[in-house]
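Labels A, B and C are assigned to the chains in the order they are written; within every chain, residues are numbered from 1.
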Amino acid sequence: MSTPNAPVTDEKEAPRSNPFRSLNFSARFWVSLVLVVGIILLGMAGYVYPTSPGEKVGSLYDAPGGGLPLGTDNFGHDVLAVLMAGTRTSLIIGLVAGVVATTIGVVVGLLAGYVGGWFEELLMGVTNVVLAIPSIIVLILISISLPQSSIWSLAVVIGITSWPWTARAVRAQASSVATREHIDVARLSGARLPGILLRDVLPYILSYTVMAFVLQVAGAILAESALSMLGLGPSGANSLGIQLHWALAFQAVGGGAWWAFLPPTIVLTLVSFGFLLLQSSLDEVFNPRLRRGKRKQMKQAAARRAEEARLLAEQAFPAGAPEPTRAGDQA
Amino acid sequence: MTLGRYIARKAGWYLVALVAAVSLNFLLPRLVPGNPVDVIVSNLARGGAVTGEQQKAIYEGFVAEFGLDAPLWQQFMTYLGKVFTGDLGTSFANYPASVNDLIGQALPWSVAVQLPAVLIGWIAGNLVGAIAAFRGGNWDRGVFTSALFLSAMPYYCLSILLLYGFAVVAGVFPVGGAYSLGLTPEFSVAFLWDAVSYYWLPFLSLVIVFIGGQAVGMRSMAIYELGGDYVNYARAMGIRDNKITQYIFRNAMLPQITGLALAIGTLVGGALITELVFNYPGVGLLLFTAITQNDYPVIQAVTLIITVAVLLANFLVEIAYGIIDPRIRAASAGEK
Amino acid sequence: MSALLARATNIRCVYGGGEEDFTAVDGVSLELGEGEILGLAGESGCGKTTLGNALAMIATPPLYVLSGLLEIDGESIDLSTLSVADLKRHRPYRGRTVSMLPQGAMNSISPTIRVRSLVHDVMRAHDPRVTKAEALDLARDRLKMLDMPVRVLDSYAHQLSGGMKQRLITVISTLQNPRLLIADEPTSALDVSSQRMLVEMLLAMVEQRIMSGVVFVTHDLPVLSQVSDKLAIMNAGRIVETGPTRRLVEEPQHDYTRTLLSSVLDPSHETRERGRLRSSGHAGPQAPTSEKEVGAR
């Protein structure tokens, strides 16, 4: 294994105190942003696309062609129209669930981290219990208990089963903020708990809240599609998971009807990847120790420094004079 | 706090989780409006082979057997009693097949795919992540992006892609199932040899994604540790890089052990759907079928088993962490 | 007048990290005699810690040493550090010829190893044949000599207090009897009594020739005036004035020195106290030579 020290052309950037002062967005960030925006546009495109997802335009699994860029699904519907509608539905569910989960998580995390003591222990214990029980199981159990699930009810249910992640992240930050002086000042000046939490603590944990929200949305979209593939998805609606559900039910994979299952699979993968990439690049913005500099700039800087060093060495020891014993060369 | 207290505390909370899970497992399905037995009996009736009187007899038989006429708390006690004696009931849809039998047939398939995936994935993933962190440069960029992509992919998405690419299009692997048509499962070399070719794609779709997740995590932890004060100090004392790498590895592993607990939960969840894609006769397929048939005893049993397995795995991982992390193992003695 | 221990010439350091590099140390030279303690003083950001890092040969990116020559122990060492290769080249000197006592020793010991492992690793770094028993014996002797409990060797970092850790790191940094010790703000994170213990320990170690010289980097002038033989005042990457402590404190020549001193010290009181902490028999600070190094340009 070579040296643990990153090579010179990959140095860490000089530490900056305020991350917002120099929002050094990397290539990763822009790629992820393009992905996420692209998918949102795909969903929105459904509003302007001529065919409606419920319209029967062909028979079982017609191949792409003749005005249907992605052929038909098992119902004879335009796959592309269904895809757009499905993307939209999945995004909406993700967003609603994300908001619900982030809100609960932030509230729990803030209270736990700030109040501390036995209250924190209790809240964190509950959080860990909810975290340990596999959420898909809880979702399955809830879904089979509900008579009908709509998009909204499903989103809310997903939200209330996935908040522990956010709670943990927020709690860690909140408890470190709680010990800072300006909080004491606020407390002494008579501000009450909700006020302190909102005005003094929240801004510091905002970065973590944003990152957690991004992850929650992605997680919710995936949870919904998993449920849909199990047959427990929102009834009467189209989502990416439901599209896959029908594809599996009608043996699209074995039958080679790639247009019926590849598009939703790819979109799901890109959604998940895009959001995760976004969160990881945001993590680098807020956590400088994870940064690993821009290649071209590093190379130029290193070359510049080497040249400077050479000049200085020549000044101290002009060509011809005996060089100092670089005894270190024997290392 | 000492190791003893740590274990006791963890055990306490996991017990709470277990109770919550069991209660949830029992309660939720029973909140369904209407009677599941009605559904089944009416399904039977639709078949036309049953007279009105027979329907009534069957209905009452079901209700008595499944205890549906007793008050809720009594049903819960019955349920607990049965669970603890290992009796998971009788299937509705496959009456009179016992749920234990159904699960007994399905469970080995699931474990055979998931357990090696977790073990191999954890080791390989952490190695890849550590190497990427230490080498840096283009290697790191490449590994990180691909690992991130793989880890982001839902397990079943990779399953679908692999199935289509390698089985349908390339024909290298069989298209779904766990063994060739006509064979019956048994512990013979011939059968196992046949089952292997069906094993690869499900196993790969789990292990690849798992490796991705572990690699990403380990890489981040190792990079973070690289900036640590103890690294600078060790270097300042002239300690060689190989030794420093060992320090970093030991520290980066700790959060990875914690992360393992959660990753196992995700893998088990994702594996459910992977089995659907591959038509693999594990608990996932069993669950799916039971859901479509409203077969409550089976549904409950599967969810219970999965939950208990995940909780147990988590518990063991947390204990392992307590033993490995010296801050927990060696109590704070407070030398002044 | 004490014999010359080390001479550093024309040290220039930059911080890289963006379009332009920031010059942190702008051509600094200094000298240190045997048994001397050189105090390096200045405000935060003047470059004294960077200079210390350069001397200890542990400059890691984004810090680069563009030039510098260290003459010590009969060798002339090129301090320039531009790449990983340079860091490797310097390894044999680190901890042995020149050693570092870092600022904030709180996290200098890896949390998952016992102190005795670190001790063995430090000794083995320069001589692979050293056995664990030998390393621990040496460590125990040092601990006893400095009135520290031997059982810290079996501890993990989290089991020790801050003050104990700082003193322990001081012991570890000097296990190999380095010729020169760079102490970077060793007292800044300590309470007053711990500060005193640490300073006394350093003085005792110098007296017993565990190390032959110390560069004591700090912004805490009162401590420096009690401990150092010479002072070098740094500002914006350059040394503005240097000389024997007493003279500098009582008759500062440079404006900046005056400003710095007046904001902290009551000169007459402190220099009187100066003798108190020093043990007798030490080559006195009355060295007549006082070079005013205002940079090599």
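Everything below uses one rule, namely that contacts are C-beta pairs under 8 Å (C-beta built on N, C-alpha and C of every residue); 3 or more make two chains touch, one makes a residue touch a chain.
Quick caveat: nothing in here was measured; it's all calculated off a predicted structure.
Participant: What chain pair shows the greatest number of contacts?
Facilitator: The chain pair sharing the largest number of C-beta contacts is A-B.
Participant: Work out the mean Cα position per chain and let me know which chain is farthest from chain B.
Facilitator: C
Participant: Starting from the mean Cα coordinates of chain B and chain C, work out the distance between those two points in Å.
Facilitator: Centres of chain B and chain C (C-alpha means) sit 55 Å apart.
Participant: Per the centroid of Cα atoms for each chain, what is the distance between chain A and chain C, given in Å?
Facilitator: 46
Participant: Quick one: report the Å distance separating chain A from chain B, using the average Cα coordinate of each chain.
Facilitator: 23
Participant: Among the residues of chain C, which ones contact at least 2 other chains?
Facilitator: Only 60, 87, 91-93 qualify.
Participant: When you check chain A against every other chain, which residues touch at least two of them?
Facilitator: In chain A, residues 3, 5-7, 12 touch at least two other chains, as defined above.
Participant: For chain B, give me the residues that contact two or more of the other chains.
Facilitator: Only 235 qualify.
Participant: Can you check the complex and tell me which residues of chain C touch chain B?
Facilitator: 56, 58, 60, 87, 91-96, 99-100, 102, 104-114, 118, 121-122, 125-126, 149, 151-152, 155-156, 158-161, 163-164, 169, 172-173
Participant: Hey, which residues of chain B end up touching chain A in the complex?
Facilitator: 13-14, 16-17, 20-21, 24-25, 28-33, 131, 134-137, 140, 145, 148-149, 151-154, 156-157, 160-161, 163-164, 168-169, 175-176, 216, 220, 223-224, 226-227, 231, 235, 241-242, 244-245, 248, 261-262, 265, 268-270, 272-273, 276-277, 287-288, 291-292, 299, 303, 306-307, 310-311, 314
Participant: Which residues of chain C touch chain A in the complex?
Facilitator: Interface residues on chain C, with respect to chain A: 9-10, 12, 14-19, 21-22, 60-62, 64, 66-67, 69, 71, 75-78, 80, 82-84, 87-93.
Participant: If you look only at chain A, which of its residues touch chain B in the complex?
Facilitator: Listed in rising order, the residues are 1-7, 9-10, 12, 28, 125, 128-129, 131-138, 140-142, 144-145, 147, 218, 222, 225-226, 229-232, 244, 248, 253-254, 256, 258, 261-262, 265, 268-269, 272-273, 275-277, 280, 289-290, 292.
Participant: Please name which positions on chain B make contact with chain C in the complex.
Facilitator: Touching chain C: residues 228-230, 232-240, 243, 247, 250-251, 254, 325-327, 330, 332-336 of chain B.
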